[in-house]
Structures are given as structure tokens and as C-alpha cells.
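Labels run A, B, C, D and E following the written order; every chain starts at residue 1.
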Amino acid sequence: MLATRGLTWRIGEVAIVDDVAFDLAPGEFLGVIGPNGAGKTSLFNLITGLRRPTGGRILLDSEDITALPPHRRARLGLGRTFQASSVFGSLTVRENVRLAVQAHRGGSMRLWRRAAADREVAAAADAALDRVGLHHRGTALAGTLAHGEKRKLEIALLLAGEPRVMLLDEPMAGVSAEDVPELVAVIRSLTGDDGRSVLMVEHHMDVILELADRIAVMHHGALLACDTPDTVMANATVQEAYLGEQL
Amino acid sequence: GSPQETAAGGGDSAAPVKVGLVYSQSGPLASYGKQYIEGFKAGLDYATKGTGKVGDRKIELTEVDDAGDPAKAVSAAKDLIGKGTKILAGSTASGVALQVSPIAAQNKVLFISGPAATDAITGANRYTFRSGRQSYQDVVTAKSFIGDPTGKKVVVFAQDGAFGDANEAAVKAVIGGSGATVSSVRAPASATEFTPFASQIKAAKPDLLFVAWAGTTAPAMWQTLDQQGVLSSTTVVTGLDIRASWPTFGAAGSKISFLSHYFDGASDTEAAKAAKAKIPGGTLDLFHPDGFAAAQMVVRAVTEGGDDVDKMIKALEGWSFDGVKGPMTVRADDHALIQPMFQAKLTGSGTDFTATAEKSLTGDEAAPPVTRMKG
Amino acid sequence: MSTVILLALTGLGLAALYFLVASGLSLVFGLADVLNFAHGLFLGVGAYATWWASGNLPGAGPDGFGFVLAVAFGVAAGVLVAVLVELVLIRPLYSRTIEQVLVTVGLSLAGVALLQATWGADARPFPRPGWTRQVTGILGANVPNAGLLLIVAAAVVLGALLAFLRWTRYGLVIRAGVENREMVTALGIDVRRAFTLVFAIGGAAAALAGALGGVYFGTVSPGQGGSLLIFAFIVVVIGGMGSVVGSAYAAVAVGLLQQFVNYYGPSGLGDVCVVALLAVVLLLRPQGFAGKVATA
Amino acid sequence: MDPVLTVEDLSVRIAGLHILQGVSFTVAPTGVTVLLGRNGVGKTTTLRAIVGLTPRNGEASGSIRMAGGDLLGRPTHRLVRGGLGYVPEDRDVFAGLTVAENLRLAERRGSVPAYDKVFALFPELDRRGRQRAGSLSGGQQQMLAIGRVLLNDNRLLLVDEPTKGLAPKVVTEVAEVLERVAESVPVLLVEQNLAVVRRLARDAVVLAAGRVAWAGSATELLAEAELTRSLLGVGSGDHHGTPATAGPRKDES
Amino acid sequence: MTGSMVEAPPAHVPDELTPGRSRWPGLRPYLPLVALAVAAIVPYSTVNLPGIFEGPLNSPGTLQLLAVCLVFGGLAAGYDLLFGRTGMLSFGHALYFAAGVYGTDILVTRAGLPLWQAALLTITGGTVLAALLGAVALRTVGIAFAMVTLAFAQVGAILVARDFGGLTGGEEGLPLDVSGLPAALVGVTNTVNLYWLALAYLAVVVFVVHRVSGSPTGRVLAGLRDDERRIGVLGLDPYLFKLLAFTLAGGLAAAAGVVYCLIVGGASPHVTSSELTLSLLVMVVLGGPGTRWGPVLGGILYMYLDHRLTAFGSSETVDALPAVLSRPLSQPLFVLGTVFILAVYFFPGGLAGLRTRLAPLTRTLSRRPDRRS
């Protein structure tokens, strides 16, 4: 479904992302782990088009999307969340999601319609909010949400776009222990629908192990391994460079 | 009330005559405005023999500040006209004069423009008069410095824009028209460094350099012309600005031949004496005569015309009177104000400069060509 | 040939003037993150205070040491005003950038009007040493001494600012403070004092520019600062906001470009060229020449 | 032993919201006291109130006493100079400055900066002195944030979620560092990773709905499954943050 | 830091995108219409408001002043579409307004076109100009964008000042030749028609801005203000939407120029200055960016003060004060500047924020009687 070939991003001499090649099958859940600064977020930025690679190709359904701007990629079904929550802070939670739905369904270039009048958009937005359990916060300004709620809203925005490939960047970071199971359930449900694929960066190993079909390990920009969880966890380099001695 | 109603102009023979003065009380031309209003009040006193009245009717002045902004001036003019004012005067800046003049014509009220120097006000329409000099008269005065212009090389150094355009055009017509070759060096009004222009002027080796420059950068400009040897290599003519600016010429001042609209001591008329006695400080300056003449014209218009603007116009057209500068005539054809002009020399140093008249041109000698009345 | 030298040296003089005005602006903008439209007012304060001192302050005058004293007084006045502005008006608004801009806009209107109310709208002759009116012959060109004075002053100011940024802790504190004021306080540093200091230095640079501008123009008028400000802004932006060295390069580029185009090109093209340079630089390199923010 | 810090009836309002509504607790003079609670309950707000960083549109009332004096209302830089070290939630290193400059900035007047100590704990910081802090990895930034506080002598450290977003290996490293630090300086720690809490905490304070819901020994809190579940919403067996399969687990300290 | 000036125009939830919380939900939608009706019949009133206006409400001077204020109310509302609602800080908006003013003036006065043709051409031209220049300027963001727009506007100002071919009249400006204009727009007695024209313009702008803000596109613009990158990732081209907002605002400004040219009866270079853009910014922030009525009120208030302070400065009350006070007070700009500064401190969030700020006060005031009883 999604694939990269020799994907490289250099700043000066330093390769931030170094010759990365992987394949994401339809319906697959691929976890991405790696030390801080390994280039995980940068890889996401390259795939979604926020950064231009200095080499290599990105393929979506075997089509080369390397040169497309972010919005074109999104239209092709690529959606993501951000490591540092990035929601529309001065809009209400509901408006946030409606905007995402509207962006997905088209018709954003309509200057003379009443946005609020579009029942379908509203309904789809409410469904997405329901799914992440944020329905009761619909009228709050997104900027005033607590950290965990923002993470959920991020996922609702992602859902609203009905992407075929979803990139999640540390969705659990800073989420209080109490909320983790709920969020895990939401993320698990993402792939349940008709062959959607997920690429997820996460440092919480239990979450990764619970969700991922395969795990990719990044180190110094390069892909160290990409295999089943068991194999990866048994890998000595992964143990040494990433997991370290456990608490 | 009705939205189209305006206050009726008082037909009552004892009602005061409303005169609206729209000029710069604030903004960059505030000092010109101040001289104008002092001159006006002195002139009114003089023309009404101290009564402030024409017959039984008091002249009631309304002063409005336009801050040099035509939009504000137009608002003020409409307000005054709406309240029944039949006579407007003032306009320190040319831009203001040009935009108030059509308002006066549209509403058939008398407009006597003030210090604004633009030639375009002359002949603008039959409702518009002027109480000051125009650029053309400056240039004619400048021409008197070189004797016979035939075969001479004249350079105009002027700032970009309408003021510069007008001066360049006038020099081409007046001096070029009588046989000189005229070229120009133009610079943006915002320029702060004048060496390139000084070099261009020097390279042109003119017999006469005519400088038309207004604004706060003038001293830097003169200094550069002096430093680059322009002032000592040719005759340089420019208009003499208000007293306060004299010290800013510094050493350059004595090397320039000034044409002058007016300075204290340029004339010794009755009106000048009266004005000197009346104005605060007792020293006349560049734009006092304009205000003074405006008041004289107002009184004339009211005396002869009462509340009838057409009669006022008739009374002013062709009228000759003795102003501060000397004999003046409102030319009937285009409402140009024919008036004497002066050649002056600046002497002194530090902050203490005096201007002395070298020569004066009669009104006719300095008269601008007749333009067609446009409206 | 001598024309080229003349244009180059006077162009550098102009560049020096732009730099003097821009340096304070750049410092305050780059370090304190305040787009200070009142900078022109600081300039005016410096110029008028110098002018006033030379007539009224005992010991001060238009020549020699008296002139130095007058300029020192002017700079002190600029510092005082800048510090007051920072303490009273800017400080309560930190992190509300748009409001800060508005306050400085309001201040520039009110302040310049106040100068005008006090000393009138007309230009006043500026007291200055006789030699600044003279020229020096350099390779056949008559270069105005005032321009040379500006060049020297600009070089000194540049050196002093660089030294300040490199060798004192303040440079560090302020650079960090722009990034995150709160965190600087949380390290036990009174960041407010550092910001006041930046304003003081900005005010001093502006006042010096005002005083030397007075020497250069030969006059002082209320609007002088404002008219220089637009070019100073252009210089700051082209130079890369907040980079003092970048501003220096940009000032030289702008000064020379303007001077040469004004000589060889049609009138008015000099200004258009400068504006075009700004647009082109920004479109190609939105971060300006230096491309790094809040550095020496 | 007398507590090093006593918070009494602390209330904080921000932008009209009553975020803390009378919080009272103490911090013991040795070891780690951990502050727990759900997202948005006000943990960060509490720490920030202690170092005087309540935002402009907020106000704090109550009392925060340390060695007799009330801290409330005193400017942050004074408090910090007086020995209050603060490691903020988002690390907040100065991205534009080098590592060395970041450390230099943290030097406090009147005390000799203990570079040896910091570099002994984080050799990485010594090696990367000339690197811009913004280009450090998340874990290195966290080390810098902690390191710059340790440069000086402190009477109390406030540390907000030091392991957020860190790789498991770095989490362990940071926990070890904090453990060693706590041997000499008392620490008030906000932490979501229960494994870390388990390892470090001596005392625990749980916030809920703007108030203290529970306070006492951390071991006691984590030992009782029912208590943990009701206060923290997780079963005591659910060691969120630690790999479920890999490696032998160390004994709880 | 580079973008920080633009990051956050003090955030407001657009009225249009939040559910109304009014005490009379049924009446609220009609309030603007009521306000419009009241404004439309003002010229029939002879009420005298001494100190506020020079003459009765229906006097030409007052109507002229009101007309200027209304145009600027509309202009500010249009600018807010950029600044408050999309988060774009343009320093060159004066250019499109000036294009409207000079375009109309030149086409009528120099080319002798009938007014409607001139107006149509001018508004089209202004819109196209905004689209073209916007297309270039929008390649930058933040402060760089502000400066590029400033640069373009500065070129406009230089061209006007240069007076090529005597087209613009340079610093003297260009009076409008009224001979070809409809008689209803000429002459002091017809000032009321200009007033109505200005009112119509304002109404149109408010309606357009309101409509656009509440449309799907408006939702995207609001999103852009918060996070442009996010909009891209959602599948929308930020550039396109920003260009749309820029062009629309440019067109509205050009239309304002047409009306203003008629009201003032000419063009003068004041309208090309960067100070004009700066004062637009002041108007919007004074009023409250991103709110429906804030920018309108800000624009009206600013222009009112700008015009009236000259009268205040020369009034007898001021003259009677000791020189220390009367000198500065007679400088309109001094008073205007001081008013801004005070406004920034005492009305953060602008006039539109006043309601919420005053809410506690009104609540206590209305509660007090209860307590006493």
C-alpha cells in the first residue's frame, strides 16, 4: 500500500533519514520504535510531504508521490497525527472535526454556503467525536483542552478524513495511565475497517506490542530491522540501543 | 428634518457674514498656516478699519484645521457650506487647494486659495481665486537673474512629483521659451543623499541652476551642492522660504541667488506697515501677505456682493488693490493674482541672517501667462 | 573614476546612517522581539536633546569637547526615554506582540506630535563642528566629512554591539529570553532587567543615530526619524531580523544600490530598486541575508 | 523531620477557571515525593505555582512555605536563586543556544557551578558542548534540562514528567539519575510512568478535581490494588510504560 | 520567532462559528437589520449632539464625516478578513484601497469614463492586482510576508508620487472631475447620497465577511489562522485559500476606494501610505480582531477621532489650558496616539471584548438591588 525506496533526508552532511525502504501492506499495523532522535518523526514528515527528501521515493499504491505537496497526498488517503498536538486552538472541538470532515468530502471552496447547514458534515463529525469519546467536549475551545483530550482530538481529526494510511506519532505521550486503555482501544479499531493501514511511532512498548503486526526499528536515521514483534524484541542491538536495562 | 436641507445663507442685512478658513493648524505645514492666519486677521483689521464689520455686518470667521489632508479639508468645506458659509479661504497645501476648489464650484461658493503655490489653481473655475503667488511667478523672477537667456544652458533641479513637474514645465516655458536650453535633474522627494544629483548637475555645466525643493531635506541638499562645488561654479536660483529656514542654509546661503515671494523689509507699503503693527512679534514673513490679501479680497467681495456669490466674483475680477507686497490685481481672465516679486540676498551667519532686496519685479513683469478658465 | 569613488564613499556614508538607525531596531527586534515603531521617536529625542544641550547645557556646544558632551547628553536622553518606554509601556505587554506593535505605533504618533508641539514643525539648524561641513579629497573625490564621521561611528557601534553580544552574559540571557522568557526566570535570572537593558542600548543607538543624523542633515525636525525608519526597516529585514552583522551587510547593499542607481538610472528608481531588493531577498530567502535569528 | 515544603490551601485560577481548589500537602526533606493524577488535573499548575510561574491571566492564593518563608508572590528568579530547581514539563531547553551556552546560562551568581558533578552524571553533555540544543534528541534535551538545574546547589527540586516521550532505555537512565540526585536533595516529581514512580517515590500525593485525593506512602498506594485502581484508574498489575514481555524486571526499590 | 508577530492575532472564536448565547435568541439575527435601518434614517434626524458633531445629524458636514467613518468601518472589516480571520499580517493593504481611489479618479477624470464603468473596471482591476501580487507575496509567510506586501505597497506609493505622465497629480493629488458624474452625487446638498452609498458599502462588506466566515471556506480560513501545516495535512491547499482571502480582501478594499473617492471628491497620496495600513491594523485591534462588529466599530471610531481631534485641538477648552497641556493637546496626532496606547491597556481584546469584560460589572450592578431587598 505505502512503500518507500531509498528514502533519504540530509541536512548538510548529516543524514537525518538514511536510505529507508519499507512496505506497508493493506490492513497492516506497523509499529515504529527507535531511540530519541532516530528520525522517526522526520520519516513521517517526509512521507506526508512536510519535508522534501534529498533522495529516494515514496510510493502510495505503487504511484510515486514523492513530488506532491502535503494536501495532494492527504487527498490520496494519507493522514497523520502530530507528536506535539496540533489542533485548531481557537476553534471549538466540534468545529475542528467538522473542518477535517469537510476537507475530506470536498466543497471547502464554497464561499456562499452556510457551513453550519451541512447536516452530513455535522453528523460525520459527531460520529468521529463519539468514537474517541470526546462528544461531551464538543463546545470547548480546542486550545483549552487538557493534554490527553488533545491527543484524542488529534485522532478524531484523523478519523474524520477516513484515510487509508494513518501515521500516528506518539499518540500515548503524556496521556495519563487512566486514559491509556481507552485510547488503545480506539487505535486498535482504526485498522478494523476495510484494509486500512497504520504506521505508529510509540515509546510505550506495551502499547506497541499489543497493537503492532510488525515493528520497524530506526536508529541514526536508518532502518535497523523490520520484523515481527518477537524477532525484534529478541534482537540484541534493539535491546542494547533502545530498550536498555528495564526498570 | 430633510436629508437634503442645508442652512439658508442669511439674507438678513444685519446678519454676520460667515467666512470659513480651512488651513493647516497642525501637520507639516503648520507654520505656513500660522503666518497665513496672522496675516488674515491683520488684513481684516486693515480692510475694515478695525471694526471687523462690513457695513453693519460682522465678519464671522470659522477656522478649521485640515492638518494638510485634503480629505479633512473637503469634509470641513462641506460642513461649512452646509451651514451657509458663502466664502471659503485658506488652503496652505496645494493638494488641499486643488480638492477644495471643485467643491466650491459645485456648490457655488467663493473660494480664495492661500499659500498653495500650484499653478493649477489659477483658472481652475470661476469660483476660485488666489491670494498668494504661483510657481510660474517664481520662475519668471528666476529668469530675471540671467539677463538675456538666448543660448544659455539652464538646469532645473526639482523633486519628483507635481511641484517639481510644475516648476520644470514653467522653466521650460519661461526661460526655454526665450532661447535657453533647459534640461532637468530630478530626485525623489524622500532622498537623503544628494551627491549623485550634485554630480549630475556638475557634469551638465549649466549657466543657471534653478532649484525647486521643498521639505526638511533641503539643508542637506544645499550643503551637498555646496560641498561638490556646484554653488561656486554657476548661478543658482531658488525660492526663499520662511525666516526659520534661513539659518539652515548655513554657508551655502550667501552663494545662492534668491527669488522671493516675500520677506520682512521687501516692501514698505501702507499695508505692510499695518500688518507689521498688528501681527504677533512684529516681523513679517513669507505667507503673511497671502493671508492679508485674502482678507482684503473677502472684504471687497462682501462689500460689493453681499450674499450674492456671482456679484462677489464680479467685484473681484479685475480688481486692483494695494496689498502688503505692493499693488496687486486679480486678473479677470483666469483669476491669477498679479503681484510684485523680489530678488533677494541672504547675509549673516550662525542663527542670525538677514535678507535684503536686490531688485523687485512689478506685477506685470512677473505675470504668468493667461490660462483658459476651466469651469 | 572619481565619480565612482565619490558615489561609493557617499553611498557608504548613507549606509552607515542606515546602519546606525537599523542597529538599535535590529537589536530590539531580534533580541526582545519587539517591532519598535517608536524607534523613530528615540531618534528624534536624541537629536533634539543634543540640539538643546548644545544651546543650554553648560559646557556643551557645537564644537570640540562641547559637541561630544552635547551628543553624550542626547544619547543619555535617548536611553532614558527608551528605558521609560520599556518599563511603563512594553513590559506589561510581553508576549502580546500585536499589542506591543500598536503601543509603539501610538507612541510614535504621540511622541513625534509632542516634539512638534514643543519645538515646532520646522527644521532647526543643528549645531555641529565646523569640520563636519567640510570635505576631504580622496582620490579626486570631495567626500563630505559628515559621511566619513558616520562611517567611523557605524563601525564603532557595530564593534561595540558585537562585543556586547559575544562577551557578556547579557547577550546569552537575551537570546535565551526571546526563545523562552519564563524559562530564563526559572534559571534564577532577572530577565526583565536584561530586556530593559536591550531597550536602553537600542535607545542609545537610536539617539546616537539621531544626533549624527542631525550633523549629516544639518538640521533637526520632528519627522526626521520617521522618514529614516522605513529604510531602516528594510535594512533590518533584508539583513535577517535581529542579526546585527546582517544589518551591516544589508545597509551597505542598500546604501550603495541607492546611490549608484540614483546616479546612473532615472529618477526615483533608486528607491524602487531598494524595495525590489527587499522583495527579491525575501522571496528567495525569507529569513534574510544572515538567516539566523537573534545572533551577533 | 520537618517537611522541606509545605503547601497549604493553594488555589489557582487561570482565565476564570478554578484549577486548583485548596490543595494542601507537604514534601519530605529527603527522597522523592511524587505528585500523581489524571491529565489536566493541575499537577503542572501546582509546580508552576510553587516556583511563581502562574501565568499573567491567573492568580494563586494560599500559602507555600519553605524554611519558614512564604514563597507565594515572590519573583521566580529570586526563588530559584534561593535554591529551588525546576525542570519543566516540556524540557524547554534553549534550542538556539549550544549545550554549553545553555549550561552557562544556568550558572547562578554567588555559587561555584558544579560542572564535574553534572558531567559525571551526563557525560553526553560534555561531549556535545558545541551542539545546538535544538538538534539534540529528546532524551539528550531532558538530560540537559536536568543537568542545568544540578549545576547549582538546591534545597528542593521540582521535576515535571521527565520521562515523557523518552525511549525506554533513556527512561531508565533518567530514573537512575533522579534516584541518585534524590540522595542529597529532596525532589517533588510529577510522573505518569508508574514503573518510574514505583522505583523512585517514597511519598505520594494524588490530585483529583483540583484537590488532594490521597496522600501518604507511595509503597502503600501502589501495594493496594484497590487503592491504585480507584485513584489512578489502573490495576496495580498494569505496569504501563514497561515492556510486557522483555527482560527480567528489577525489584521495586 | 520570525513568525511570532503573525502567529497569534489575539484569538477570538469567530462569531459565525460559535453557537449564539443570547438572551433573545429569536431577535438576535435581526439586530443587524435594525441597526442598518436606524443608520439609514439618520439623515432625517435633526438631533444636535453638541461636542460630538459640529451640526445636527442631517447637516452635510456631519453626514460627510459619518460617510468617511462608514467607509473605513467597511475597509477595516475587509482587512480583518485577512488579519483577524485568516491570521495573515499584510502591511500593504493600503495599496488596494489606493488602487480603488486612484483607479476611479483617473478613469473618470483623465479617461472620461462614466462612473459605473470606471467603478467596475477599478474593482475588477483592484481584485486582479491583489490576486497577482498575492500570488507572489504568499510564497513567504510571517514577517517576511508582511514586509513583501509592504514593499509592493511602497512601490505603489512611489509610482503615485512620481506622477508619471501627470496621471496621479503626485503629492498634490487629483481632484475628481464631477462633470460626468450623476447629479445626485455632486454638491453639498447631496452629501446624504454619499452617506447612503457608504452605508451600503459597509452593509455589503459586513454581509460578505459574515457570509464568508460562516461558510465552509471561512472554516478553513479560521483553521489556517491556527495551524497552516495542519490544514495541508488535512488535504487542503493553504496557499489557495490564503490567496482567496487576500484577493477578496483586496477587492473589497478597491471597492472602498471607489466609494471614498466619490465622498472626498478626489485622490491624494495619503491613501497610498504605509501609515494607512498601520492604522487599519490599529482599527482592527482597537475593535477586536476576528469579531463581526469589532473591526467595523474600530474603523468608525478611529476615523471619527482622526477627523474630530483636529477640531478638539483648536477648541477653546483646549486653548484655555496652560501651555504645557494645550500645546500637545492641540496636536491631533498626540491625542490619537495617546488614545491607542490607553485603548491597548484598558480594552484588551478590543471594543468587542468590552462586553465580556463588562459582564461581571453588569452582573454585580444588577445583583445589588436583590441583596438590599
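Note that in this section contacts are C-beta pairs under 8 Å (C-beta built on N, C-alpha and C of every residue); 3 or more make two chains touch, one makes a residue touch a chain.
Just so it is clear, the model here is predicted, and its values are computed rather than measured.
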Topological distance between chain B and chain D, in contact steps: 2
Chain C-chain D separation of Cα centroids, rounded to whole Å: 45
Computed distance of Cα centres, chain B from chain A, in Å: 74
Approximate Å spacing (C-alpha centroids) for the pair chain A, chain C: 48
Multi-partner residues of chain C (at least 2 other chains): 113, 116, 179, 267-268, 271, 293-294
In chain E, residues with contacts to at least two other chains: 158, 161-162, 330-333
Chain pairs in mutual contact under the definition given at the outset: A-D, A-E, B-C, B-E, C-D, C-E
Chain B-facing residues of chain C, complex: 3, 6-7, 10-11, 13-14, 17, 113, 116, 120-125, 133-135, 142, 144, 216-219, 221, 223-224, 227-228, 255, 258-260, 262-263, 267-268, 270-271
Complex contacts: residues of chain D adjacent to chain A: 15, 37-41, 136-140, 161, 164-173, 175, 192, 194-196, 198-199, 232-234, 238-250
In the complex with chain E, residue positions of chain C that touch it: 33, 35, 37, 89, 92-93, 96-99, 101-103, 105-114, 116-118, 178-179, 230, 233-234, 237, 241-242, 267-268, 271-272, 275-276, 278-279, 282-283, 286-287, 293-294
Residues of chain E that touch chain B when the two form their complex: 43-46, 54-56, 58-65, 68, 158, 161-163, 166, 169-179, 186-192, 195, 264-266, 268-270, 307, 310-311, 313-314, 330-333
In the complex, chain E residues that touch chain A: 11-13, 17-19, 211-212, 214-220, 222-223, 225-227, 229-238, 240-241, 244, 248, 290
